[in-house]
Every structure is written in structure tokens, then in C-alpha cells.
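In what follows, chain A forms one complex with chain B and a second complex with chain C.
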Partner chain A sequence: MPASLRYVLFAVWVLALASTPLWADNYFVRLAIIIAMYTALVQSWNFIGGFAGYPSFATAVFFGLGSYAGALTQIAGLPSILAWLFATAFVGAFAALFGVIILRLRGHYFAIASFGVVEVVRLVISSWGSLTGGGDGLNVPLVTGGPNAVAQAFLAVMITIMLVAFAVTVAVDRSRLGFGLRCIQQNEDAADMVGVDTTRYKVIAFVLSAMFCGTIGAAYASWTGYIDPSDSFSILMTVKVPVMCLLGGPGTVLGPAVGTAVFLLLEEVLWSNFLEYNRAILGALIVLIIFFLPGGLLKISLHKIVARVIRRNNDAKGAP
Partner chain B sequence: MFYFQTLVNGIVLGALYTCLAVGFSLVWGVLNIINMLHGSLIVLGGYLTFFAWHSYGIHPLLALPFVAVVLYCVGYAIQYLVINRVVNQPVLTTLTLTFGLDLILYNFMNVYYTATPVRVTLDLGIVDFGGIVMPVDRLIGMALALVLTALLYVVLRGSRIGRAIVAVRMDRSAAELMGIRVEQIYAITFGISALMAGTTGAVFAMVYPVTTNLAGAFLGKAFVVCVIGGLGSVQGALIGGFVLGLVESFAGQFLGPEHALTVGFILLLVLLVVKPTGLSGIKGFE
Partner chain C sequence: MTAFLELNGVSKSFGGIRALNDVSFTLAEGEIVGLIGPNGAGKTTLVNVMTGTSHASSGKVLFGGNDVTNQRPYQAARRGLSRTFQIVQPFPHMTVLENVAAGALFGDVKSKGDVKSAMETAREQLEFTGLADRADHPASNLTIAGRKRLELAKSLAMQPKVLMLDEVNAGLNSSEIDGALALIRRIADRGITILLIEHLMKVVLSLAHRVLVLHHGELIAQGTATEMVNDPRVVEAYLGQKFLRRAQGGKPHG
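Then we have the complex of A and B:
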């Protein structure tokens, strides 16, 4: 598929999501919001996990900190949009600080450290009752307006964040930064030798992967009106996001959007039909993706499949 | 006297943590895989023990060998059929795969056993030793945990298979050239790790209530113990287990029980950054 056609398809997909209030009921609007939200999360993860190839499982900590930062500033009286921007900056600063420390680790150690950060922050938030409400959670000031208006507003917000994240992805993909990150992914020592400033690049990628998660977390808190530690810092989310990226194609521009859409639509269908076994099915899905789609959906080439089928046919005919 | 009680609690906890983490550490060191299944395997062992006791009246100590065999077979099969296919891929792939398997196991356990906490209650009474109080079942649990860990050490040290496992850990390609069938060693290693997880679960079920929701907490402990002690060696797990047990026990005493976990994880982050080889100093395997 030529690149331009891919972008056209992506534009059509975004329009379809954005126009759900016009042609579908609230269920689909909600689904569209969730899809836009996860697409932005997966696009964020793509910077560190896809381009730089660092197995980060820290998405949940960025999301959770963003939601708490947004909620607390709103309770203190800041208007929503400013609160979301504050959450973005706060989470970005947090990621820069932690990135400098844990990005010195590689492979398994980095993965464990990112899990560790999620746990520590979750535990601190749950036990710091006076500020965060502890395990009881926090009520966030609700956005005024009817349910339909609110849903449309948050759809617009999520799609905007998703498009900004997409624009940044395109920019990174075409810049020196993207090139440097790919070098790091292939061989960090060699990249370092030829003059890529690996530490700086990795920290930038880590901060990029955090900021949008912060915005989304804050917007999510405003949307649902209630947050608690176990929901905001969920291990399931922190693994689901990389899986969606793997499904679409890590390190590509459109992979995150494709992976998220396919994964969430599948999950939605499975969830409604097999309520009791949804986790097992999710697990089976992960296993299948890893076995049969190692490079993601975008790496499947129609030409190659057709060629293989034709060759197999010919072999079958040629055999006596 | 007060401190002695905390100290003894920490030591008992440390023995359990050692046993909990030693299998996880083995798989990480030898296969270079972070096994997200470990927590659920522990819970599975606990449930099997509980139901053997509850439904058939089998004493937990008699059920232990049975649990060990079942878990070994489960672990061997998982590694041989599933994980071996991607064992040499980057950490993201293997970690995600084991997480997927964990979701499957977790879901089936939730459906078949439900998430109610279960515990084997033996009612063995309490030992009072000069003011230090300790339930007997915990002491038995501690002894069992140490015996199991020691057994693993002996197997790794003394048997042919154990030497092969250590050889694969040190240098996979050289081991292959010496005629070791690496794929099979991987499966055996994973089987042993699952066995250790299952027996730990059996021990836990005698001491604390076990439920599926604890799988994540067990896994977290295994992370922390491995990083504190250093990877892939029984000694490392022993040091890590006791350090974590004591730290949690004292932190719980002085800072309040809700902060004991936090301190453990902060220790994990600090050690990762300062000394990723762990306190035992045996070099990790990147």
C-alpha cells in the first residue's frame, strides 16, 4: 500500500471517530473516546518502546500521575484546560527526572525498574491519604452540561490529543531524533560510538512518551469524575499499551493507530460475548500476536502472501 | 525483647521470600526471561494444596510432593510448547508472552476456584520462647522453605542436570557445543522453577490465606528479592529474601504496616541504579 493512501485511510478513520455523535448512539461515542485515548497512549509508548526499543512498562505511572495532578489542581480551583496542561508539564518533568536515573539500565533491568516505578508511585499515592484520599479515591469536579454535550466535548479533547501525538510522531520519524532513536534500538553501543548522544535522545524519547499520557490521564479524570489508585495505576493498562503497539507495528508512524483500533474492537466484541473469560481471551490474543505477527499488522505484505500462495499452488501442481 | 520479636518475624518472612523468589531468579538467570507467570503458579500451588486438604482430607505435607510433580509438568509443558519458540527474542516479546499466559492461568483459576482467600488451618498452637511468640505452622513453613531451597541448591550443585543448567546459564553456545540439549534444559529449568513456585504456594497456604489477587503481590516480591540479592543464584535469592524479610518487618514496625511494601520497592529502585548486580555481587546476565 503506498504511503499516501495509508495517510488518507488514517484521515478517514479519524473522521469516522470524530463524527460518531452524528451517526451513532452513546455506546459508540464512548467507544470512540476510548479508542482515541488509547491511540494517543500507544503513540506515546511508541517513542520509547518502538523507536528506541526500550521495554518501558511505565505508561500507567504517567497516566496515573497525570490524572492525580489534573484532579488535585482542579479541586484547588484551576480551570480544566489549565489543569490538563499542568498535568502534562508535571508528568513530563517527572519523566525527565526518572528517565535520567533509570535509562542507564538496559533490557530486563529497565523493564523491572519501570514496573518498580509504577508500584512505588501507586503505593505512595494510596498511603498519602491526606492529599490524595488514599484508597477511597478522589472526586473530580464534573464538567457542566448534559451527558451528550460532555461526551462530545471529551471526544473532541481526546481526538485533539491523539492528533497532536500523531503530528509529533511524524515529526520525530523524519528528524534526526527519530534516526538517532532507531540507531539506539539497533545497537546502542555502536550508536554511541558514531556520535549519537544516546543519553539525551533516550531522555527526550522518555519525556515524549510521558507527556501525552499525563494529558490523557488528567482529561480522563475529568471525564469519569472519579479516580482511585488501583484504577489509575493499573498493571493491565501498562502491559496492554505495548501489546497494542506490537500488534500494529512498533517504531512505525501508523502502527499504533492500527494496533489500537484492531485490539480494542476485538476486545469489545470478546468482552460482550465472553464476559467470564475475557482475560483468558486477552491472554490468548497476546500469545497469538507474538507467535504469528512478530512485526505487527503493518509488516504483513499482501504481495508476499499472494506470491507464497501462488508458489504453493504451483508446487502442488508440479508434484507428480 | 520487642526488637527480637520483629527480628524473628523478619527471619521467618525472609525464609518464605527466599523460597518464593529462587525459582523466578533461576528462570531469569538461565533463560533470560522475566517470568510474569510466577505469581500465578504460586497461587496455583496454594489452591491445589488447599483443595487436596479441604476436599479429600490430604495433609498438606503429603500433598506437597503431588503439587511439586503437577507444577513441574505444567512448567515443563509451558516452556517446551510455548516459550521455547521465542526464548531468544528481546525482553519485550518474552515478557509480554508470559504476561499473556499469566492472564490465561489467572482467569481459569478465578473461574474454577473463585477469588475467595483460602487457608489450610492446622491449629498447631504457638511456641513461646522467652517472650518471643511464634505460631508453630509458621515455623514449619519456614523450615520447609529452607529445606526446599537447600534441595534446589544441592540439585544444581550435584546432579548432572544441575550442572547442565549452570553451564547453560554461563555460556549457552559453549554448552550447546559440549552436547547439552539447550532446549530441553530450558524446559527442565522452567519446570523446576514452577515446582519451586508451587511448593512455595503450598507452604504459603499453610501460613497465610492465599487468593488469586495475591499473584501480583507475589510477583512483585520476586522482583524485589532478585534485584536485592542478584540474579540466577541460590545464594542471591537467599540474601535478597532475608534482607527483604527483615526490612519489611522492621519498616512495618516503625513506619506502619502500609509502608512496608513501599520501602521494599524503593529498595529495588535504589539497588537497580546503584548496584544492579545485587548484594551478592554475582554478575547479572544482561
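Then we have the complex of A and C:
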């Protein structure tokens, strides 16, 4: 599929999500919000996990810290949009600090360390009752308006974040930064040797992977009106996000959108049709897809399949 | 000729093993210097120490008057200290062109810094090294000779001042070696200082202005190629008596 057609399809998809309030009921509007939100989370993960090839499980810590930073500043009286921007900057700074430390680790070690950060921060948040309300959670000032108006407002917010994350992805993909991250992903030592300042590049990718999660966490807190540690620092989220990216195509511009859409729609279909076995079926599907499509759905190329068939034929002819 | 790159009493230990012991030498601008020695003599370690891959345990590495002993590899690359690897290190999922462009984009500090101009520079280097027709192939599809040339093109795209060639000719057949010899000569004509690590004496003898001999981590001799070939210590440590007889025109034994 030519790249331009892919972008057109993506634009159609975004319009479909954005227009749900016009043609569908609240169930679909809510689904569209969730899809936009996860797409932005997966696009974020793509910077560190896809471009740089560092298997991060830190999504939930960025999301959770963002939701607490947003909630606390709103309770302190900051208007919601400023609170979201504060959460973005706060989470970005947190990622820079932690990135410098844990990005010294590679592969599995980095994955485990990033996972550990989620647990540590979750425990700190739930123990620090005087600030965070501990296990009781926090009530976030609600956005005023009827349920429909609120849903439409948050749909607009999540789609905006998703589009900003998308624009940054496109910019990174075409830039020197994206090139350097791909070098790191393929052979970090060789990248160092050709002059890529690997530490700096990895930290930048890690911060990019964090910032939007912070914004989304804060916006999510405002949307639901209530946050608690186990919901904000969800292990399930931290695992789902990389899976969605791998499903779509890590390190590609449109892979996150494709993977998220396919995953969430599958999840919805399975929920409604197989209430008891939906998780098991979803799990089996994920294993199958990742096993047979290691490069993600976007890497299926008709061109390559045809080329492979031709090569096989030639091999068969060439064999003695 | 001024000293351009200077090693001053460099030693490197790994645990109890002394891989390099008090090595001192200088490279002058534009020189081709051969570095020979038996396997395990410390040749690759020496290059690692000069390019920041590992750091000297004691002693100093000076480049253009600056102390670069503790530089990181990317800093070495940007300073113009470039190397090829004995075991090639391509970016496997990139095309040949992109591999070379990476060198131009990150290693060449004078480049414009955008991907497009890096691709153009890369194409020139591919022409120069004779890989132009392979530009859009995946790097992992190249033959060994092709990969060695890719390493060379990548290093050249970094606009190096000093190029360390770690056995770029190993595994090549004799016609490929003649091609490689011509290529190295043309690189030297650009004014790039070359340190040639090589087992093939034919290559060393026909290219190097000067030869350094490393044995058990120590620099046991240095001088012109002819001097080295006739130096009894070098013959004893590396070349062997057979080589000497053959070089002197005598009949090879056995």
C-alpha cells in the first residue's frame, strides 16, 4: 500500500472517531475516547520501544504520575488545561531523571527495571496518604456539563493529544533523531561508533515516550473524576500498550494506530460475545499474531509475499 | 611531519592479563602505518583504546594535542578517529545506502545534519568503494567482501582524519585484495592517515610507509617495512624463518 494511501486511511479513521457523537450512541463515543487515548499511549511507547528498541514497561508509571500530578494541581486550584500541561512537564522531567539511570541497562534488564519503577511509584503513592489520599484515592474536580457534552469534550481532548503525538512521530521518523534511534535499535555499539550520542538519544526517546502519557493520565483523571493507585498504575495497561504496538508494527508511523484499533476492537467483540473466555481467547490471539507477524500487521506486504512466491519457484527450478 | 595521534606509555589490563604494556608511538598526518603481530598480540585492543571502545588503564592518548584517553566512542567518531571492525558491524535492517548515511549523518561534524544530504554523501562513498549498485539492498545480504567494503564506506562517510583498518582484507581472495589495495591507496591520496592492521604481508609491504610490530602487548620494533622484515626479533615473534628465506629469495623449506 503506498504511503499516501495509508495516511488517507488514517485521516478517515480519525474523522470516524471524532464524528462518533454525530452518528452513534454514548457506548461508541466512550469507545472512541478509549481508542484515541490508547493510540496516543501506544504512539508514545513507540518512541522508546519501537524506534529505539528498548522494551519499556513504564507506561503505567507515566500515566499514573500524570493523573496524580493533574489531580493534585487541580485540587490546588489550577484550571484543568494548565494542570494537564503541568502533568506533561512533570512526567517528562521524571522520565529524564529515571531514564539517565535505567537506560544504562539493556534488553531484559531494562524491561525489568522499568517494570520495577511502576511498582515502586505505585507503592509510594498509596503509602503517602497525607498527599495522595492513599488507597482511598482522590476525587478530581469534575468538568461541568451534561454527560454528552462532557464525553464530547474529552473525545476532542484525547483526539487532540493523539494527533499531537502523531505529528511528533512523523517529525521524529524523518529526522536525524529518528535515524539515530533506528541505529540504536539495530546495533547500539555500531551506533555509538558512527558518532551517535546514544545516551542522549535514548533519554530523549524516553522523555518523548513519557510526556504524552502524563497529559493523558491527567486528562483521564479529569474525565473519570476519581483516581486511585491500582487504577492509575495498572499492570495490565503497562503490558497492553507494548502488545498493541507490536501488533501494529513497532518503529513505524502508523503501526500504533493500527495495532491499538485492532486490539481494542477485538477486545470489545470478545467481551460482548464470549463473556467468560474473552481474556483467554484474546491472549491466544495475541500469541498467534506475534508469533506469525513479528514485524506487526503493517509489515505484511503483498509485494514481499509475491516476491517470496517467485523466489520459491525459482529455487525449485534451480534445484538439481 | 608533525605528530598527529600520539600514544604515550599506554597500558591496558583485563583483570590480571596485560593486553597492552607501555605502548608509545606517533602517527603523522597523511601517513600509512602498518600494525602487525601474531594473534592475541593486542592489535585490536590497541585500536579499541584509540577509539574509546575501551580506555587505557594507564598512559595517554593524544589527538591533535588534546588528551582523548577517556573519550567515548561517539566522541572519537566525531573527532575524526574512525575504524572498521574485524567482525563487521552493519545495521542489519537498513539498506547499504542507509548504513553509510548513518556515518555521514552522525560522524561527520561538518555535515549539514539532515538525512537527505547524508544520503547524497553516502551515495558518493558507495561510488568510491564500488558498492553503488548495491545501494538499495539490505546490508545483511552482502557477501563478506561486500560487508568489508560497506564498513569502509561507512567509515569514509564520517570524514575521518585517521582511519584504522582492522583486517579489512581478511577473507578476501587475491583479486579482491588487489582491488582493496588500490582502494586503500586512493583513500590515502585524500590525505587520510591510515593505520593498517593486517596479517597479509603483501598488503603491508606494498602500502605501509612504516610498520609497528606488537607482540604480547608490547611494541617490540618499528621502522620501514624492509627493516622490519629483516629484524630478527620480528622474524622470531611473527614472520618465522620460512618467511625470511622466501623474502631473501631462498627456496622455501618444505
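Please note the rule applied: the second predicted complex is superposed on the first by the 302 of 320 C-alpha atoms of A that agree within 3 Å, B and C clash if a C-alpha of one lies under 4 Å from a C-alpha of the other, contacts with A are read in each partner's own complex, and residues count from 1 in each chain.
Keep this in mind: contacts are C-beta pairs under 8 Å (C-beta built on N, C-alpha and C of every residue); 3 or more make two chains touch, one makes a residue touch a chain.
For clarity, every value in this text was computed on a predicted model and none was experimentally measured.
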Once chain A from each complex is brought into register, does chain C clash with chain B or fit beside it?
fit
Applying the touch criterion given at the start, work out whether A:P2 contacts chain B, chain C, both or neither, answering first, second, both or neither.
neither
Applying the touch criterion given at the start, work out whether A:L123 contacts chain B, chain C, both or neither, answering first, second, both or neither.
first
Under the stated touch criterion, name the partner, chain B or chain C, that contacts more residues in chain A.
B
With both complexes overlaid on chain A, does A:P79 touch chain B (first), chain C (second), both or neither?
neither
Check: chain B-chain A-chain C angle from CA centres, nearest 10 degrees, reads 80
Considering only the touch criterion stated at the top, classify A:I112 as touching first (chain B), second (chain C), both, or neither.
first
I'd like to know which partner A:P147 touches here: chain B for first, chain C for second, both or neither.
neither
Shortest Cα gap between chain B and chain C in the overlay, whole Å, is 14
For the complex, give me every residue of chain B touching chain A.
28, 32, 34, 82, 85-86, 89-93, 95-97, 99-104, 106-108, 110-111, 216, 220, 223, 227, 258-259, 261-262, 265-266, 268-269, 272-273, 276, 284, 286
Which bits of chain A are touching chain C when the two form their complex?
174-176, 179-180, 182-183, 186-187, 189-198
Under the touch definition given earlier, write down the residues of chain A that touch chain B in their complex.
49, 53, 55, 101-102, 104-109, 111-113, 115-117, 119-120, 123-124, 126-127, 235, 239, 242-243, 246, 276-280, 282-287, 290-291, 294
List of chain C residues in touch with chain A within their complex:
51, 53, 72-74, 77-78, 83, 89-94, 98, 101-103, 105-109, 113-115, 118, 154, 158
